[in-house]
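The chains carry the letters A, B, C and D, assigned in the order they are written, with residues numbered from 1 in each.
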Amino acid sequence: MEKQYSDNYTREELMAIEASRFIKSTDTVILGTGLPMVAAIFAQKTHARGINFVVESGSIDPILPSVPFTVADPIIGYRAIKTGSLREVLGCLVQRGLVDIGFLGGAEIDQFGNINSTCIGDPQNPKVRFPGSGGANCIASCVPKILIITQHEKRRFPAKVQFITSPGYIDGPDGRKKAGLKVTKPEIIVVTDLCVMDIDASTGRLKVTKLMPGITVDQVYQNTRFRPAVSEHMGVVEPPTEDEVRILREEVDPKRVYLKDCPKTPR
Amino acid sequence: MEKQYSDNYTREELMAIEASRFIKSTDTVILGTGLPMVAAIFAQKTHARGINFVVESGSIDPILPSVPFTVADPIIGYRAIKTGSLREVLGCLVQRGLVDIGFLGGAEIDQFGNINSTCIGDPQNPKVRFPGSGGANCIASCVPKILIITQHEKRRFPAKVQFITSPGYIDGPDGRKKAGLKVTKPEIIVVTDLCVMDIDASTGRLKVTKLMPGITVDQVYQNTRFRPAVSEHMGVVEPPTEDEVRILREEVDPKRVYLKDCPKTPR
Amino acid sequence: MSKVSKEVKVMSAQEAVERFVFDGAIIGIGGQNVSRCAVALAHEIIKQGKKDLTLTGCNLSIHMDLMVGAGLVKKCESGLGGQGKFGATFQFKRAIEEKRMEAEDYDHLTMVSRFLAGEMGIPFIPVRGLMGSDILNYQAASTKKKFEIINDPWNQGEKVLLVPAMEPDVTIVHVQKADEIGNVLIQGIASHEPELIRASKTTIVSCEEIISTQFFRSNSDYTTVPYHYIDAVVEQRFGAYPTATYGYYSFDADHINYYQQCSRAGGEEYKKYLDEYVYGCETFDDFIEKCGGVKKLNHLQREMVRLM
Amino acid sequence: MSKVSKEVKVMSAQEAVERFVFDGAIIGIGGQNVSRCAVALAHEIIKQGKKDLTLTGCNLSIHMDLMVGAGLVKKCESGLGGQGKFGATFQFKRAIEEKRMEAEDYDHLTMVSRFLAGEMGIPFIPVRGLMGSDILNYQAASTKKKFEIINDPWNQGEKVLLVPAMEPDVTIVHVQKADEIGNVLIQGIASHEPELIRASKTTIVSCEEIISTQFFRSNSDYTTVPYHYIDAVVEQRFGAYPTATYGYYSFDADHINYYQQCSRAGGEEYKKYLDEYVYGCETFDDFIEKCGGVKKLNHLQREMVRLM
């Protein structure tokens, strides 16, 4: 049966769907809020039904009928297998090495996949203060596969972040090993509204592997302060099917908590 | 009102009652099995009603109707405030410094209050193997007041134990400090069928403070391999009242789980 | 002196804060984001003007922001300051940017590990995170020693990061149920609170309901924290409002948004918020009344019921 | 390959032991003294003759003694080997005295701390005990590095003892309830088992009853350990017999005393016990039948009910 691609979807939606494609049915996934939650719940409702979520605040494998508002939204424990504690999730699962995939985000991501969610300017004297790490640092440190969904803006993609809150490859292929991190070569996949990048473990740097439909490599360059390598086998991100868009809008985020740009579901 | 002393009690009973006198109503007490359990439950039923027990296996403040069989007897959790875990009791209460009194016992106790419950003979090559530490070492290390109830036999009171399972003052007044223990000067009180001894903190050695009724210092010397100092103000252990003996026999250990030598309660 | 008391510990928020919170204290705070923040107790601390506070926890949220906004906080030592989808904790953000307050950044795992070390009575604990991050390259001026890296005695060539135990002087938490001697039942997600409470030198717990001690003795598998760690029990219905208490009421997005608007604006507008909603309310019940009273609460309770 | 499985894990004791227990394995054992010892699983390990085992836990009791008596154990690494008022674990005692088995002594706090380090994924953890004791002066020949003492980086002049994480290859525990994907509910005292299970590379759990996953999803505050850590679920009523399972049945003093008599005598008499009660029972149900069957069980159940 041929796929019925949709021609009615937003960039945000395709980012979430593309990110979801990196999740397998057997994965244990630690979730934050925002588009990652959309991507993960979408995966669970489509190709990865066996997936189990954990949330830093202590919820283990809840059944999320649709996207929660925050990681501490009371609904985050809905029909969970266990409503436990932060220690059980970040300590006994993430740090213990039992989580397969972590979603992260931040104000800046650099060519080594390092993330800044702490501040802009001299950290002793910050011009702009962000919230800080939360659970992100430990996820970046301990989880072997990191997914990042973000808008592709120049200021978000500097050559070097002003503060490494969550380490990527730090300063090159052996950066994590030198720093003493146990997970030395994680997969890091960045899904933006322009392209998909992942870390080339041999260089420790991001490389463009796929472009969003209609986007050129030049557009990526123009919106990135470093010059990412590009794959020899550059692909194009597969658009969503009509069914996928429907599931996203009607089941995953019917209240448009995160999918702001797409039309409201007619009721 | 004059006290009605009993003239019908066993040595075991007086040992348990004398030990109970060192417990105050506000104390948190960690219990093992045997006569300590008799002493502690007796205290709770008489002068120390506010006492709370904890048991290493995870029971916090149970209401023990009478003495349990072992620390893992299912009754040990009876009407507890919390049936938790070993970590919560030995970690978050004992090691955390929230327990006031610990009961210990062992095969040997030496002049420094060190206890051996591991082996006789070369530890690499033991002639007789005992059970080992259990929770005893951490109690001896972390609790500021230790009570020991034991038969006074020569082989039980060597000058130096063959294996320090649970440290007393180790080798003198500064022994614990030198070893790196945080509680450097615990009270250690030993109640035997001959006398009561406690550690003189200035010498780090046991000193006889009271004799059991009818016992002489010579009898203590004859049954001890080291020569304990004796208090200038030597006392005599107060005998139990008739009421105390009744409570002990009828309420604390009606089934004679531990009080083997005394007559069965007539039913 | 015994350290543990089985006495009745029920008292008013006012009395609890008077007795246990002091100028210069390190205050552990429970709750996370929009859930079970100890707002009633934070209001009381603000009304009493306890100052030079250090706040510590994992996700410091609106209760932190209120105390910072009232000018009482000299340092935050935590995993994060923020309110998720509701945006920044603007008082926190601004106080750092304007150098009126120190921030000592760790991450959530590290903070809960530090509380774990505290509750276990050990001086430090290893964590697997933070290495390679700038979190290790910067520390607040008042912090003495943020971490230590040693060689792993069991794995040659491997480095291990140690962080120090954290034992707050006094912790404030809001929970569903407690009894009058201080047994605590947290329902739903427990976040970092079991470790935080047991690590603290004293703890004030506010609760939706005071229940019987018999409940705990009959359901002893469910007790979150026994009375050994609790110094004051404050009965305060809706004590986490405008954040949620699982099983009781949802968060009030309207009031949080209004707070955010004032906090973002700062200056006079923020001062007006404090005057109106904190200083201007004799009791926390008065605050709830001002925010919509019974009608509002019924609505938030219905929202919670729908989630359960 | 994901490490965590949500598949149905129900299997027979035979299959579970065949798949997860191997010669030379470090085996974590749950239960304490006369409570919830994983006797059914120990019987199965003995029947399959898995050898060169290292047993680890806090209070190693009759299940340990059986495996030692069957000649399968090369080392015990634990807090204690014994049965409280029932006396020594005589096979353990004799195997050490006759130098047929190594004993690596720690204490209970240290062992549970080592499991805590294991479940947290950290390489070691400080403990406040053991210093000044001979437990630090002796170690088994096969132990590489029992402990390390370092200077406390935060408290000048203080020494701190570190002990290594313990991550057993496979843990055997008996619990009250589990579901088919491996969620575990322990009722009553949990001893060292939450940490032990989460620290282990694999875990076989035997249970009195398999209950629905829906139970856990409707009572998610009560789950002791989620399925993430469990590899096999064996339904075995009375699987801890002759020790007790809280809420189900008390321990059988008569059978334990009889076992002790055989174990103390040793030699032929002990061999006869194993032949009769372990090797001679095709299933654990056959063993129960031989020990008094329904009549005995009814009695032990009544005794438990009286305690509750």
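To be clear about the criterion, a contact is a pair of C-beta atoms (placed from the backbone, for glycine too) under 8 Å apart; a residue touches a chain by one contact, two chains touch by 3 or more.
Not measured: the values here are computed from a predicted model.
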Pair with more cross-chain C-beta pairs in contact, given A-D and B-D: B-D
Length of the line joining the C-alpha centres of chain B and chain C, rounded to whole Å: 41
Chain B-chain D separation of Cα centroids, rounded to whole Å: 29
Chain centre separation (chain A, chain B; CA means) in Å: 59
Multi-partner residues of chain A (at least 2 other chains): 77, 83-84, 87, 91, 95, 142
Of all residues in chain D, the ones touching two or more other chains: 113, 116, 120-122, 127-128, 158, 160, 187-188, 221
All pairs of touching chains, each written as two labels joined by a dash: A-C, A-D, B-C, B-D, C-D
List of chain D residues in touch with chain B within their complex: 32-35, 58-59, 78-86, 88-89, 92-93, 96-97, 99, 103, 105-110, 112-113, 116, 127-135, 137-138, 149, 158-161, 187-195, 244, 246, 250-251, 304, 307
Interfacial residue positions of chain B with respect to chain D in the complex: 33-34, 56-59, 69-78, 83-87, 90-91, 94-95, 118-119, 123-138, 140-142, 163-167, 170, 175-176, 178-182, 257
Contacting residues of chain C [partner chain D, same complex]: 113, 116-117, 120-128, 144-145, 148, 150, 152-155, 158, 160, 162, 164, 187-188, 221-222
For the chain A and chain D complex, residues of the former touching the latter: 24, 26-28, 50, 52, 60-61, 63, 77, 79-84, 87, 91-93, 95-98, 100, 142
List of chain C residues in touch with chain B within their complex: 2-6, 119-122, 183, 198, 213, 216-218, 220-221, 223, 226-228
